Structures are given as structure tokens and as C-alpha cells.
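Structure incoming, see below.
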Amino acid sequence: MRLLLINPNTTASMTEKAAIAARAVAGVGTQIIAATSQMGPASIEGYYDGAIAVPGMLQELKERQVAGYDAAIICCFDDTGLDAARMFCDVPVVGLCEAAVTTAGFLAQRFSVVTTLERSRILIDNLVQRYGMGSRAKVRASDIPVLELEGASAGAIGKLRAEIERALAEDGAEAIVLGCAGMADLARELQAIYGVPVVDGVAAAVKQAEALVSLGLSTSKRSAYASPLPKPFSGALQHLAPVARSPSK
Amino acid sequence: MRLLLINPNTTASMTEKAAIAARAVAGVGTQIIAATSQMGPASIEGYYDGAIAVPGMLQELKERQVAGYDAAIICCFDDTGLDAARMFCDVPVVGLCEAAVTTAGFLAQRFSVVTTLERSRILIDNLVQRYGMGSRAKVRASDIPVLELEGASAGAIGKLRAEIERALAEDGAEAIVLGCAGMADLARELQAIYGVPVVDGVAAAVKQAEALVSLGLSTSKRSAYASPLPKPFSGALQHLAPVARSPSK
Amino acid sequence: MRLLLINPNTTASMTEKAAIAARAVAGVGTQIIAATSQMGPASIEGYYDGAIAVPGMLQELKERQVAGYDAAIICCFDDTGLDAARMFCDVPVVGLCEAAVTTAGFLAQRFSVVTTLERSRILIDNLVQRYGMGSRAKVRASDIPVLELEGASAGAIGKLRAEIERALAEDGAEAIVLGCAGMADLARELQAIYGVPVVDGVAAAVKQAEALVSLGLSTSKRSAYASPLPKPFSGALQHLAPVARSPSK
Amino acid sequence: MRLLLINPNTTASMTEKAAIAARAVAGVGTQIIAATSQMGPASIEGYYDGAIAVPGMLQELKERQVAGYDAAIICCFDDTGLDAARMFCDVPVVGLCEAAVTTAGFLAQRFSVVTTLERSRILIDNLVQRYGMGSRAKVRASDIPVLELEGASAGAIGKLRAEIERALAEDGAEAIVLGCAGMADLARELQAIYGVPVVDGVAAAVKQAEALVSLGLSTSKRSAYASPLPKPFSGALQHLAPVARSPSK
Amino acid sequence: MRLLLINPNTTASMTEKAAIAARAVAGVGTQIIAATSQMGPASIEGYYDGAIAVPGMLQELKERQVAGYDAAIICCFDDTGLDAARMFCDVPVVGLCEAAVTTAGFLAQRFSVVTTLERSRILIDNLVQRYGMGSRAKVRASDIPVLELEGASAGAIGKLRAEIERALAEDGAEAIVLGCAGMADLARELQAIYGVPVVDGVAAAVKQAEALVSLGLSTSKRSAYASPLPKPFSGALQHLAPVARSPSK
Amino acid sequence: MRLLLINPNTTASMTEKAAIAARAVAGVGTQIIAATSQMGPASIEGYYDGAIAVPGMLQELKERQVAGYDAAIICCFDDTGLDAARMFCDVPVVGLCEAAVTTAGFLAQRFSVVTTLERSRILIDNLVQRYGMGSRAKVRASDIPVLELEGASAGAIGKLRAEIERALAEDGAEAIVLGCAGMADLARELQAIYGVPVVDGVAAAVKQAEALVSLGLSTSKRSAYASPLPKPFSGALQHLAPVARSPSK
């Protein structure tokens, strides 16, 4: 099984860290193909960065079709471009936030998501509501810029731990979800420290993608995720125009 | 007051039709500046088209800053890239769906939105839920491809009318919202035929944009819509990288 | 365009203050006709005052029909009698709370409403839920009696500012809605102080009423807002009995 | 125990029918004091009638205080003026819709409310949502004018039965709530016919009022239902001005 | 009227205390038959205890059918086995949480439930959401083991009072619901101390059961609460196998 | 990895069919240990059967601890006793409904669950709401008794297919979830026929259990799922009394 792990930002070191986390949990026979977007922002902090990142992410999805993959994981906790990717692909596509909060739902009735910047907090809160966890999960920001996580600085980890402690004390959280792909390397250690489940989205997404492929399930092509209709695209992104294929509704 | 009406698809005839609808309701002293995206799909039918359309729309928002505008309207009923545009701009940005369902809320307790293709129906239903109208509004598809509306063919209008009639009969709808910018020219006539309010998003958005400008209100730059942080962007979209500015949280 | 601004309480000075706020934002060609209810309480603080105020408000709506108006604004943040007024009138009717929270929704994803007394807080919270903003807005009371706002005392303003500061600090509010018509004169100044959008309901309602009139839209007469059926009314309020008219469902 | 059963419309025959239904279920020692409003509409069909009816209903609540009552029931399925009455009274006040849907909740997981006119359907649906039954109950209109129920005509009963049958067939209803005080005499018979619980609001409200009085519970005077503040009232309703009393928040 | 009050835990002293509370509010002619489960845990603290308690509770419901009862009350605030009991019985069955929060809804718009252990808090919060009070009620734990309430120790009462005071100060609660059958003896005193309604589930359930019996209403046997189908049961619980009866859907 | 697949009903042939479905999707190195409850009903149709089934299911969980297992799956679509099992176990526990609707959420925005009897439909609808899918999924009954599925009769399959076809035509379903463990063998074939994803709960639960074990995650022992407190249990179920262990909150 080949899983395409696409980092929708252009920072290769972040891709690499996520790939390590992905490979650490991948099943026997699962190959993780890590890809870094070639077009767009160096990190995704809020809606603007996310919107610019999507075409580059879709371009990777397209170019990697030659070598083939059985499922794709969008490696950003904002689930950047997830719906568009599901229309584009015939194979399953999994987002980190969706995978992580779904996984947490099997472990706890109430939990908290701890993300990076305040500007991402409401975006993620909206996702959590969309995934049906609005009455079960609270989202918190720890005030860490995404790229600061790359250095794993003591300052960044201290802010993250302080916010987790507030979640446990004030929210009655029974589990913690780490709300950024850049925190993937910290989950096990934080779980040991706090004695509650700590869910990392990268690892959770790998297992969900493996599950869907194993079950022979893929995105429904009926209605919302029907394949893009062929039509002219203009300008620098015209190579992303859908090509004609067998009709779908 | 200068309102920038951006069509995020690249079909200029559709921009023109929307501009006519916008100018028909614009207040004294309001200038409608119509702009057509130069990059992306010829029509927006579902998430994929929408995602590819956003950078072209943001590029227009950026390039038009030289001449200046007091507010922007994103001229697609999917509210394509609305959150990203709100981060980018210092002036208000209004989406058609948001403006239309908000306007309908002043007129009726329950209403139906009639859009084009089935693939857009759930996307719009999700928007309607996000705008807090989930228990008041039902979304229906009339099975009309977007560009078919350009010709105002009898077939397209017949499908639209049939779906409106079903909404009145089966949903108990008290008002109708036209769920595509390409239907802007039909609202008045349909309202006369059916004797219930028929809301067009283009016209509704013009009035909401005028309202915000008149009131001296603009998008909050605190939290979700804080200005994009300066950082490197790569590839064909690098010209859309945010530049440094006075700090915002 | 003639907009009838009805103060449903009987305090003319409050009407006057609201009329000033309304005229300050009214468009070219919009005439604000300010009316003060002649029957009912001097201020509206909670459900009881509101219920007694409605007939006087409806009486104004009726008497002013002779001179004519194109839309009506009910000038109390509790949206006193809004549904009854919509049944009565053939022209659009706008409430302050509805207009204000709707307007805030274009500016921010999360916001707080700051009202006067604790007894009005839950009433307004119920309105906010009805308008679909329950997961986006928090309502707070500042413990200021309504008529104390008339003097614009330092004490009242101090309490209001303290509550706004709590909303910003504790709720993560991105914008503030002033939850009483008597605060209409403070919005601009508070916006300048706090650097977030501050929405006043009077001004917001004027623009929504202008929008509806410009768009040729009025309240649906199908179902919930059908014109009152003619029938006998008894006692002191019998002059408010509906008269026969062309049938509506 | 003395229960004041107030009919907020002015049709005494309807009061009498409700009083019979109330007395049929009243406990040993419970006295039903039936009162008919002296001011307002002959029937309540939609928001306008309801708004005009409230002062007359409150006036009855006030005048009957001399003789005394232990709880009050507002005898209209729209729960007309319920919040205002709760502020005014120191004794419990119960509404028919609230009592009926609450009672149905003990009997069935999903149920349907069958009311009179379409114009009341959405009003009641909003109440049902407010009482937390939005995901459990569906509201239907049977197209019967309220006063037509007084004659218990075969036509009215036929329409009602047809709508109940639709509710059972299409909604999967497990129980039926009769959504008008004027249907109080039909509940037992309909229950026998259809073999599912049929709840009448008048009877349900009597038992809820008895329950609250027996339990020594009355409306909280903290926050939303605090006693009205003393202040000047003007015009024909000035006799309803609250008088000074021991302070409440 | 004979009401069966079943304590689903095996602690007879707790049954006795609840029976005293029940008899204190029972109407003239109502006989309270107190029963203690003979099988299962000594107290119910969380889901596991509750699950094991259900068969013993159902066994009592079955054995007591010989002597007969007109309605049953499940005397635990977790509404232990309520749905199963409703399927089993042809007479109404009432749960404490359902009765208490429903009763509180007639008294206050917002209220807080104060229960014992943290492990019961979320369980009860889920019930509160199911009963439609999720946006009106907050649930709090006071950290008192259930059986500690039996001694009515000063420590237990002190913890309970402290939590009530936090609910009043922090939640803006207008009323308090006591979230454990073992607190039934404290309601009147706490109501006197705090001046807000304090609702005990045992007393509330007695009145709801009396109401349903008086009204001639019982659980719908259509759909969710249809009588159990006859089928083989194995092992120690085989005596609880349903017997054949007239068919229900 | 050893996964305990517990059938909470006592029909061994149903266990065997589920075990086949489980083994068909189990990963390399995953051992499926199938267990059939020894106490309780032969099939679970509604709340009563489910309640009686739980102790037998918990007994299996306890007895199988000697041989050991890494996670448990409760093999009934009602998620029978899931919360109790999570308190009891230190390893993850997965329910079929939770796993299936969660899995469907990765594949489609809207989907329908097709279960057996009407009496199970609302039970499952409540689960779907609890899992946050209430606005995305509709539940339907196909009127097939559970044990009739064992024979895979043409009649049963015909009813199931007819209901799936209604879901596709009337609900706009993009995917189908099979709402009974006894349908596990039909998923692949139905997916081939209808061309939309068809999710079986048994297979979905195996992959979720594998995922949790691989990720080193288990049920939070904080709050709702804390280990049962040691206390006396009486009667035939006393062997299920929790034993003292290291304290948990």
C-alpha cells in the first residue's frame, strides 16, 4: 500500500518530520511517499496561507498519479483543500484534523485541541463543529508560530505544555489533540507526562488512510465529491484543468 | 464609494451580467468596478473549481488596490475564498451566499435556496449551516450547468421554475434565494410570478457592502481575520506572498 | 425613501438620540421619521415591559400609514414585537438585534454583545440563538439601567467599557455589538478605543431597511407572516383589530 | 389549590371548553378558576393576534390577585405572553405548548404536533425548538381556523384526523400532541382511535401547574424572570405599570 | 394510584430516604411502593455500575407486576435503564434526571445541575443534551461519593453548597437541580438558603408520574418503545426473557 | 495484536459470520478472537434486549482478560454497553456504529444508515446524533428481523436493497452504512451494485481497533471512563463487582 503524504506548505524539513511520524506507525507493507508542495507558502497560518497552498497541493496530487498511490494524506491540521482533493482523487483522501478528532472520539467523551496561533484557533473550531465534535471538544491556541516548532525550542514546548495544563484544569479535558502537523514528534512524550491520551494528527491520518484502503472504500463520487467537470482553466493554473472522463453526476 | 465586484471565474460575460445586476441596485454615488479573474476555471461547479479559483481572485483583489476600492464582493454563490479575502483586505468583503441568506432572514422564517448542480448543493448547505440558517433554510439543486444560465435558455429557466415550485409545495418555503450569480437577472421576474420574495445574491451583496462602508465598519483584524503574516511563498503564486506591515495578533 | 424609526418605549429623548444616530448613517434620499410610542413603559427592561410596549408600537405603525413609510425599524435591541409588526405591515420591518448581529457576522467569526441589565441578557441570548449566531456570539450584561444611558454618565460608560474589556479578554471576541438602542452614540468612539469593529443596532438597522427597500423586497406574506385575519377585538385595544383585505393564506 | 386558567383570547365558549377539560383532570382539592381576557382578539392565529392579546391576559393575572391563585395556566398553545407572565407573577405560570411537548417527551422519542393554521405552524415550531424538542418533534398544520373548532364540525375533525394520519405515516410519530386549546375535548377519543398517546395541552398544563405548587417551586426571580422594575407606563395600558416592591436583581 | 419507586442500586437506606421524599410530595390517594434492587451495585457511580444495575431493576419491575403498579420511577439521577424499562412496561416510567430538568425548565431559562462525582458529570451532561436542555443547563460535579450522602455529613453538604455557590456566581444559574437521588432531603433547605428554586429529582418524578397516570397517558408502543419481542434468553438472566404477547410493531 | 470481537447476543452463528468479516480485513499480525456472550438474548432488537445483554458482554470482557487482548470490539450496531466496557477495560473498546459512521464521514458528506427493525431505528438515530453526524446522516429501517439475516434469505436481501434504493433516491445519500452486524457479508456486493461506498460496521471497527492499538492510544481514564470504583455487588451479577486497583479520579 502506497500512501502519499503531502505537505501543503513548502518547508521540506516539516515534511520530513511528518514522514518520520508517519513511518513510525505505518503498518507492515505500507509505504509512505512524502511530498512537499512546490508552490505556495512556507507555513500555513490562517485562511490566506491555506487558500494559496491548495493549488500546489493539488498539483502534487496530480503529478504523483504517474507513480501511483492508494490514498493521500494532507499534512496540515487545517485540512487544507481537503474537499477539493476528494473531488480530484479517485482514491481516499484524509485530513489531519478530521482523523485526529475522530480518533479522540473513540477515547474520550470530552477533549481539547491545542493548536499554534490564535488566527488558526477559530478556523479549527469551525472544522471541529463540521466534524460533529462541537459539543465535545474545545480548541485552544498556544501562541507558537508554526515554524518555531521546527526547532523544538524549549520556549515552544513550554507554551504548548502550559496550554495543555490549562485544558486539563479548565476544560475538564479527558484527552488532548495536538493541533499542528509540526507537533507530531511530541505526542508520545506528552502522553507519558500527563497520563491522558495525546493524539497526533499525522499518525491518526496514516491509520485512517490504511483503514480505508484495506476496506476497499473510497470517496463517494455521487454529489459533493463528484469528479471535476472538464472545462477551460486560464492562466498560471491552467495545467490543473480537469480532463474529460467517464461521466459522474 | 467604489465597490469591487470580482467574478472568481474567468467568464467575462458572467461578470458583465452580474455587473448589470449590481449597478441596477447600487446607491447614488456607488461605483461598481467589475473585475474578472485572469486565472482559473471558466465556471465554479463544486469544491475543486472553487479551490483553483481563489488565487486568481486574490490576485485581482491585490492588483485593484492601486486604483483603490472601499469594499469587495466575491461574485460566486459558493462564497469562494471569502475567508482568505477577509484576511487579505483591510476593507470589508462580502459573499453572495452570506448576503443572500442574511437578507432572506429579514423577510421570512423559512426559505429555500435553489442552486444549479447537485455537486454544489451540499457545499451551499454547509455554508447555510455555518451562517446559522440550517434550521430555517433548505437547499435544492435544479440540475442546470452554470454556463447554461448564460444563454438564459428556456430549458434552464424551466428547470429553475420547476425546482422553485417544488420548494414552495414541499418545503413550505416563504421565500426563495437564487443560489447562483448567473441567476441575477431572473429575480424580479420570478418574484412577480410566485408572489414571494426572491433574493438574488449579487444585489443583496451590493447593499451589504454599501451598508458596511457607510457604517465605517470593516473586517476585524483580531484573531481569525488578522492580516497574513509575511513569509516566503514559492512558485507561480509567489507574487501573492504577504508583505510586512504593522503587526497584528 | 421614508424609514419609520419607532421607539417602542415612551421616552422621547431616547427616540431623539436614536434618530440622530439613524440620520448620521442614512443614505442620500432617505428620510428618517422618528416616532415615539404613546402607550406603554418608559423603558424596556425584560419581557414584561416588552410585552406591554407592543400594542403602542403597533398603533404607531398603523397611524403612520396615512403619511406612509417604506420600511419600519423597531428601535429596541430586544426586537420588541418584531414578528407581530411583520404580520401587520406590507413593508419591511427590521429589528435592531437582528440587524446588528447579522452585520457583525460579516465582520468577525466570533463576537460579543454587551447589553444593559442581567434581566435582558438571556432574552437577547435567545434572540441570538434564533438568528443563528448561538455558536458565534456571547451575550454579556453591564449592569446599567437603560435610562441611565440617557445621561451618558461616566459611571454608565465606565461599566460598559469594563464589560467590553472582559469580552475581549475572556471571550476572544473579534467584534463588539452594543446591545441597547441607548448606546447608539457610543459606537464610533468605542471602536476607536478598542480597535475592533463596534456595531450599533440603530445604524445597522437603517442600512438593512434601506437595503430591503432598494432591492424591492418585503416580508413574505406566505405562512408565518401572513396578514392578520379580520376578527373582532375587544376592549381598549379594539382599534387595533385587523380589517378585511385581499385573502392571504 | 387554586389554578387560574386564563384564556388570552376573548371567546368565553372556548374558555368554558378548556375549563371542562381542566376540571376533568384536576386533582382532589384543585380548584380551576377560569378567566377570559377582556381585551384583545377573539382568537389567536399568528403573532399579531398573540401580541395584542398579552396585555389583556396580564390584566387578568393582575385583577385575579385579589382573590388569589396558586399558579396560572395560559390557555393558548402559542404560549402567548408566557415570559411576561412569569416576570409578573410570584406563582408558577405554565404554557400549553411547553406542558404538552414536555409531557410527550416522557412517552415517546419522536412525536408530531398537529395545530390549526399554517400561520401558527412555524410559530409553534420555534417554540418546540426553544423547549429543546427540535430534533424529536415535527409540527404540522391541519388548515382549521381556531373558531371552527368550537362547533366541533365534522369538517374540522376530518381535517385533524387526516393530518394525524399523515404524521403517523410520514413522520414515524410515536405520539401526537394536539396543538390548539380548542382541541382539548378530542384527545381521549383520538387516542382510542389511533392507539398512540395523544396529548392535550390544557390537561398537561393542569398537571404541571399542580406539580409545581405541590413541590413548593415557583419561577426563579433571578435574571430573566426578575420582577418588573417600577417605572412610568403611559396611555391606555398605564394601569399595568409595575409597582415598587422589594428589590430583585 | 400506586407508584413503584425502584432504587436500581442495592442500598436499602437510600431507597428509604427517597421514599420519604416521595411520600412527602405524593398526592392524596397516591401510594408509594418503594423497592430496592436485589442484584447489582451498592451505588451507581458511572456507566459501569449503571449497566450492571439494569437487570436487577428490570427484575423488580417484573416481579412487582403481580401486585400491580400504575407507573414506575427509576430512582437514580442517571436515568439508569430508562429506555429498557419503557419497552418492558405497559405503564409510564419516569426518570429522575428527565423529570428534574423538565421541571426546572418551567421555572428558569438557565440553570445548573450539581451532581456527585466527576465520572457522573459527563454522563448527566449527555442526558441533559438528549432532553433538549443542552443550551440552557450546565452540569457540575461536587466531588462527593454517593454513599457519603447517606450520612449527610457536614463535609458532603459543605462541598455541595460550595458547588451551588459556584453555579450561581459563574454560570448565572437561575435555578439549581440536585443531581443525585441521595440529595432528595436537602432541596427545601437549600432553596431557603439561596433564594432560587432547588429541584429534587425524586419529588419531581413523583409528580410527573402522577400526572401521566391522571391523564390516562402511557408510553407509546410504536417504534422505539415497542414491547420486547419474545425470544430465547440464556444464562443467569434468562428469567427476564420477554414472553409472547399481542403483536406490536 | 489480539482483538477480542464480542458478540453481545448469544447466537454463535452470528458471531461466526462477523468473525469471518473481521478476519477478511484484519491486518497482518492481527488475531481475531471471537467470543459469544453466554448470558442474555439471542438477538438484540431494541433497548430491552440491549440492556439485558450488557452484563454477559462485560463478563466475556472479564474472563478473556486471562488470555489477554489488545482491544475489544462490541459486535452489535447498537453499540451495546460501549460506555460501560470503556470504563471496565484498560484497552481500547470500539463500537460498530461509532466505527461505521466515523468511517463513512471520510467518504461522503451525507449518507444513510440502513438498519433492521423500526424499533432500532430511533435508537441508532440517537447514536448518530451523539457521534456528531446528526446533520449528515439519515437512519432507515428495512423491516428485517435480525435473525432472518442469518439465513441470507432472498426476502431479507430484497427488503434491504429496496431500502438502500430509497435512501439513494430520497435522501441524496452519497454512501450507505449497513446498520446491523448481521449484514457484514453483504457490503462488498452491495457496493458493486450501487456504485457508492457501502460501509460495514464489523470491518470498520476492526480497522479502528487496529489503529488505536498501533498508535499506543487507549481510553482516557480521566472523568467519564475512569475505572469502576470497588464496591459490593449483590446477587447473580456479584462476580462483576470491580476490584480495588490503583486510584483514578
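We just call them A, B, C, D, E and F in the order they show up, numbering each chain from 1.
Just so we're on the same page, a residue touches a chain if its C-beta (ideal position, glycine included) is under 8 Å from a C-beta of that chain, and two chains touch if they have at least 3 such contacts.
Note that the coordinates shown come from a computational prediction; the quantities given were computed from them, not determined experimentally.
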Which chains, if any, touch chain D and chain E both? C, F
Repeat of the D-E interface, chosen from A-E, A-F or A-B (over half of contact pairs identical by residue number): A-F
When A-C and B-C are ranked by contacting C-beta pairs, first place goes to B-C
Rotation angle superposing chain A onto its copy chain F by C-alpha atoms, nearest 5 degrees: 180
Are the interface residues of chain C and chain D largely the same numbers on each copy, more than half shared, or largely different? same
Based only on mean CA positions, could you tell me how far chain B sits from chain D in angstrom? 44
Whole-Å separation of chain centres (CA-atom averages), chain E against chain F: 28
Can you give the whole-Å distance between the Cα centres of chain B and chain E? 52
Set of chain B residues in contact with two or more other chains: 109-110, 118, 121-122, 126, 134-135, 172, 223-225
Considering every pair of chains, which are in touch? A-B, A-C, A-E, A-F, B-C, B-D, B-F, C-D, C-E, D-E, D-F, E-F
In the complex with chain C, residue positions of chain E that touch it: 109-110, 135, 172
Contacts from chain D onto chain E in the complex sit at residues 25, 27-29, 92, 94, 98, 102-103, 105-111, 131-136, 168, 172-175, 188, 191, 195-197, 199, 203-204, 207-208, 210-212, 214-225
Of all residues in chain C, those that touch chain D in their complex: 10, 37-43, 45-52, 54-56, 58, 81, 83-84, 86-88, 118-119, 121-123, 126, 130, 145, 223-226, 228-229, 231-237, 240-242, 249
Chain B touches which residues of chain D in the complex? 118, 121-122, 126, 129, 134
